[in-house]
Amino acid sequence: MSARTLFDRIVGSLAATGVVKHAGKRRADRLAGLLRTLISERGEATGAVLARRAVALYRGLDPSGREHFFARLASEFSPDREEVLAAANAYHADPSPAHFATLQRVTEPPRQEAFRRMNMAPGGTAALLDLRREVIAAMKAHPELAVVDLDLAHLLGSWFNRGFLELRRIDWSTPAAILEKLIEYEAVHEIRGFPDLKRRLERDRRCFAFFHPALPGEPLIFVEVAFVNELPADVAPILAMESVVGDPRRARCAVFYSITSCQPGLRGVSFGNFLIKQVASDLHAELPSIKVFATLSPIPGLRAWVKRTLKDLEPDRATLEGLAAWYLTREWDGGHALDPVARFHLGNGARLDRINWMADGSSKGLAQSFGMMVNYVYELGDVERNHEEYVKRHRVVCSGAVERLANGVQPVVEKARGAPISPS
Amino acid sequence: MSARTLFDRIVGSLAATGVVKHAGKRRADRLAGLLRTLISERGEATGAVLARRAVALYRGLDPSGREHFFARLASEFSPDREEVLAAANAYHADPSPAHFATLQRVTEPPRQEAFRRMNMAPGGTAALLDLRREVIAAMKAHPELAVVDLDLAHLLGSWFNRGFLELRRIDWSTPAAILEKLIEYEAVHEIRGFPDLKRRLERDRRCFAFFHPALPGEPLIFVEVAFVNELPADVAPILAMESVVGDPRRARCAVFYSITSCQPGLRGVSFGNFLIKQVASDLHAELPSIKVFATLSPIPGLRAWVKRTLKDLEPDRATLEGLAAWYLTREWDGGHALDPVARFHLGNGARLDRINWMADGSSKGLAQSFGMMVNYVYELGDVERNHEEYVKRHRVVCSGAVERLANGVQPVVEKARGAPISPS
Amino acid sequence: MSARTLFDRIVGSLAATGVVKHAGKRRADRLAGLLRTLISERGEATGAVLARRAVALYRGLDPSGREHFFARLASEFSPDREEVLAAANAYHADPSPAHFATLQRVTEPPRQEAFRRMNMAPGGTAALLDLRREVIAAMKAHPELAVVDLDLAHLLGSWFNRGFLELRRIDWSTPAAILEKLIEYEAVHEIRGFPDLKRRLERDRRCFAFFHPALPGEPLIFVEVAFVNELPADVAPILAMESVVGDPRRARCAVFYSITSCQPGLRGVSFGNFLIKQVASDLHAELPSIKVFATLSPIPGLRAWVKRTLKDLEPDRATLEGLAAWYLTREWDGGHALDPVARFHLGNGARLDRINWMADGSSKGLAQSFGMMVNYVYELGDVERNHEEYVKRHRVVCSGAVERLANGVQPVVEKARGAPISPS
Amino acid sequence: MSARTLFDRIVGSLAATGVVKHAGKRRADRLAGLLRTLISERGEATGAVLARRAVALYRGLDPSGREHFFARLASEFSPDREEVLAAANAYHADPSPAHFATLQRVTEPPRQEAFRRMNMAPGGTAALLDLRREVIAAMKAHPELAVVDLDLAHLLGSWFNRGFLELRRIDWSTPAAILEKLIEYEAVHEIRGFPDLKRRLERDRRCFAFFHPALPGEPLIFVEVAFVNELPADVAPILAMESVVGDPRRARCAVFYSITSCQPGLRGVSFGNFLIKQVASDLHAELPSIKVFATLSPIPGLRAWVKRTLKDLEPDRATLEGLAAWYLTREWDGGHALDPVARFHLGNGARLDRINWMADGSSKGLAQSFGMMVNYVYELGDVERNHEEYVKRHRVVCSGAVERLANGVQPVVEKARGAPISPS
């Protein structure tokens, strides 16, 4: 331990001289070598010890060391090209169990086994989430790291399978350390400290999060729900700290007004769909008076799309509402709705129900979507059919009002584009 | 529910007529179709519901239905040969991230995704363990099912990673439902009911098990430890129910006298190594008086090997002890010790310390090994080196006494084989 | 610790010589002195340490020491007669707060404070329960110890207030250490080991117990419930280990077939009433199909009463049933039903519903009550009224059938007593 | 429920008219009658139901109703004067068990049994704590309520016996609902919100509280500890939110810098002594490097005493320090140190170690004690002896420095009082 402290001190003092880069590189090389051992047979007997060492080494890498380590992960822990081709030829000729086994063995990147072994150390799972977060960040400059990201995405997707997640209710008796993380992570409507959060956990509200047993203090995703009497058109009353606490047994509508994914290292591993449906189903059983499960959601891409499309035109309010309806229902990108929030809820099988003018007057709300928000409604019985419409026919299931709004602005869009729009 | 009951009743009444086989087959086909949907994009929106349905369908399959389902899993959910070859060629030509991604996608069998989706249902993990247990059983008659087994082994090995396991102490305050399972599963020295188990959980004993969060009531593997004053040469005093309870703080030796893997569905996923070392390390910290960590282990393959080798010869006691030493140290099979228990402990880096005559006088003990047992000693500081000797040089690290015993019977073995034995 | 071991050894070797009695007495004197200190002001600063010492000393007393200690508790820790009289006179003259305070102070026996201080030690509550159990046993030979018992009964009754008790369901996931205690304590229908108990914890059964936070592993009282279709007339099917497990959601009747008080040290502190009503109320909420809450109870005093009353007469079956009805409804003792089980249930407000011939064919059942058992029915809405009838009018609320049975044997009882019986 | 709501509404509307007072009185009478029933024999059968009703009635009383209820508790639930005198005479003549039993029965106020019965309801214990808090408040105007307070104090003192309390560590993983109470209750050094509290729970700090099982979310008393290198002379660095977090394993001194009793309803039930000693003993075992356990305590009564004693004199700094030493060591009131904090720690057996000039520069600190604070040192081995000195000889064990400071100002005090002071 003290040897390492010494090493760190030396590295520190050399930082300005350029020598440090070599030190970081050497530690990265040491780690890469350790992973090699770890995935060899020898790693089985002493796996726990080596895994601890690997995680500690990784934790101690400085930025240059990490970069070097990522590069080695990408270049040296991939499947062997010759082995892959030979195995594929054999499998092609005869897909026997033996050929299948060989194919599986040689096409799986050694990285995967290295990561699985690192996971055996205490804190291993958290280290791998950090590793992926950093690889994703480094990918911008080094696109060749995508292979590392792909492996981590695959592995973490398997490990964070919904069957292993625990749905926990978050309330005022939840440990402060977890509540503090919600305050930190909240991505939709900022939580301004514990008193604000407390209001969001009163009995006319609910908050639920998924947790993984290997990260017991880390929410993966959380949703905030408000019980109200009717589908809300304005988020301000929900966010007001001083509002009167209502009686949940009399509420008719459960509004999912904020959903936040907490772990950048789990990008692309989707829990939101499960979370919303599980919560809706549980609340349905607990509070039979609730008939409507809906969101009050932002339209993050609206303003940018309007600017791109209409250029200098300054639309009036009615046109803006129409454009919102159009944007959400008619604008697609590679088989998905263009707006990311719409893509999420429509993909989950929700129905687009209403455009709400001036529902979020915050500067963020104005900047994103002229202050508009929308309600997506989850009718559990329709979810499967809506989803099919969306996926198979690229059609957004929406209310007649939204449909009419969208139709009404077709001339505007056509004119702006200088071309008639054929029915999709 | 009642519809299904009716169906079951009809199936039951048709069992003798052969019609039932078609019913089972139809349900298996339904399940296979459901899995297809589940791994399609549509499965994402309604995954939880479909996964429940799939697990329920699987649980309801009769033997003929299962057989049919396994066959479809093996034949239709494997990687596509053409796609595999094309992807391998592309990757061989240029291992770019895109080609890498395609290769990974097309070589992973769709079965894996199907299993991951089934796991999302409540009880999914338990269902997959059962599925694998049954596939293993069916493989004897249908070796082509090996591909299904391989996929499950890979998936379960990843999911039951040591980093996700929880080490729990088992004692008399453990729920009876779990203690009952220990009684049922114990594979080395039968536990004759709760009073017998109670003695094994007194304060001069310890019992530890690994658990997985998705199976909280199911021990995966457990080890029983006795605290004694010296390396034991006889298992009877340890198993005696009426023995005086000793003071653990005065013990010098911790004996691992029974290790049982509980889940056939996890065959080949090895926890034993981690369990022994973790327990030894924890006990070392808790009870500093303990200086020796060792086993008192059976030699399951000895008698069969002696019979094969010596045919009709009737060796005396000294010769038998020598043959045991020889068998454990000199007989190898494909780079591994021939005896399965030896293979496990030597592979873990233990030292073979002593052959104990008449250490297990039970009929099982006599039948397996003429009543002999052995002590493997775990010295945590030597484990890595011993393991290297075993793996790299195929040498068993053992005491001088065992070495001399083995050397002493070399002429007997040579004579029986009719040929001199060259040094390995 | 070793000094004490030495002391114990010496005491042991002197046991036969009579010297030991003096040693025991000396330790008892030491303990009495320690309690004096403990209740002085000095005890406040060092209370925790002294309390530990007192409990340890008490635990170490041999029988003669305990006897001596109890005698000192009775004689020296009672209220001072002169102080009591002076305080009573002052209070009588003027019940001012000051006089009230003095009265309370001098009439409370110093024993109570001594016991409260002992309770501060770890294990103190358990020691006091043992102390009372032993005082009760010693009271037979030493009736003057009744004052100690009275104080302990008062203190424990206050501490084991229902508001401090925790109702826990006992099932197969309960720690074995607690289940073992149920097996040991069961006083009505012997539990023959863990498999027998397991059957009593299946899903067509329930078991509940009260626990106190200071004795987390010690059930205070427990009740066993069976769900059946109709009011049972025979206990054998309920006790049968191999019986088919029924569906609790279809049961119409919850039978309380065994209630056991576990702690002799809590004699007279009654929990049974609360337990039955809480369990009935909880089951009513959980399983709406259950319409009848009833017992199947022994009649422990019947045979002895019949023998006393009828002397040598050998009644036939019809007469015996009538006598049972008579005994339970017409025989009183100081305002309470003569039969202790009847007294409990009738005092709780239950209705005596049915006499069951040959409901308990065990030798105990035959010896107590010619094999008869009775059903007491708890109708939660009637409990208050039934209780009033019982307490105020000394009338047992019972079914018409039981009433007729009792009326039918009036001539027999009159003849045996040689006198007509006037209506009560 | 709705009937009650209606009642409340009516009461509300009559509030201004004076009718409400009668309504409150009627409810109070109803409650008093209910308590009478509850302590009669009938209360045993239906105790749980009646207890709930009583607690609900009490909770619903308005201020005038409470006042009336308290008055009835004081006047009608006291021991009967004649019965008391008769029992005292009988006990005086012959302290037999029977006379003892009668004496106990008639001198115990029926209030006590009424309170014990109320405690059986859910929330009963909390209601009784509130009841006592309100009785204490009402006592100022109605000193005759002292008898009610006395009974509650006795009962709660028995129930909140240290043997029933649970010591819990409070840290950042404690439920927010409990942390919020600490912020609210803190009485020594105000906690300014969650971030301030978080600093006080870092690893160089500790916080412990006692809890009672019947009030699981309510701290009864809590202590805050800081680990520092030497006996602190200034509280500001300890309270600074931005201070560097130290390593607890290197600390030499544990400072108890804040102790707060949380429950006014438990006034006079002392836990502080147990808390400090238990925490000191636990920390001693956990962190062997800590050699000194001490407080940094306020001197709440100093300034007022100085003003009273010295009138218009304006002492200099040296004199003020001397006066602090004098006040803490020489000023007694009825056998106790005059200063309440000194009384607590000296009574616990602590040593007065040092007077610290300008240790608390807050306005409160300046107002109470010219900014001075003191260190009381707990040496566990000396606690018993120090306590004896304090209790038996009315001598404060203190350091030589404090002794000299006190001696130095004797002329000043004598002059101010106009008389020489004889040695105590």
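Per-chain residue numbering starts at 1, and chain names A, B, C and D are given in the order in which the chains are listed.
Going forward, a residue touches a chain if its C-beta (ideal position, glycine included) is under 8 Å from a C-beta of that chain, and two chains touch if they have at least 3 such contacts.
Computed from a predicted model, the values in this text were never measured in an experiment.
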Which one of the chains is farthest from chain A, going by Cα centres? C
Using CA atom averages as chain centres, what separation in Å is found between chain B and chain C? 51
Between the Cα centroids of chain C and chain D the separation in whole angstrom comes to 37
Interchain centroid distance [CA atoms averaged], chain A/chain C, Å: 60
Could you tell me which residues belong to chain D and also touch two or more other chains? none
Pairs of chains, among all present, that meet the touch criterion: A-B, A-D, B-C, C-D
For a test of understanding, state which residues of chain B touch chain C in their complex under the given definition. 172-177, 179-180, 193-194, 198, 217
Footprint of chain A on chain B - complex, ascending: 41-42, 44-49, 78-79, 81-82, 84-85, 87-89, 91-92, 95, 97, 100-101, 103-104, 107, 109, 116, 119-122, 124-125, 143-144, 146-147, 150, 154-155, 158-159, 161-164, 166, 213-214, 270, 273-274, 277-278, 347-349, 383-384, 387-388, 391
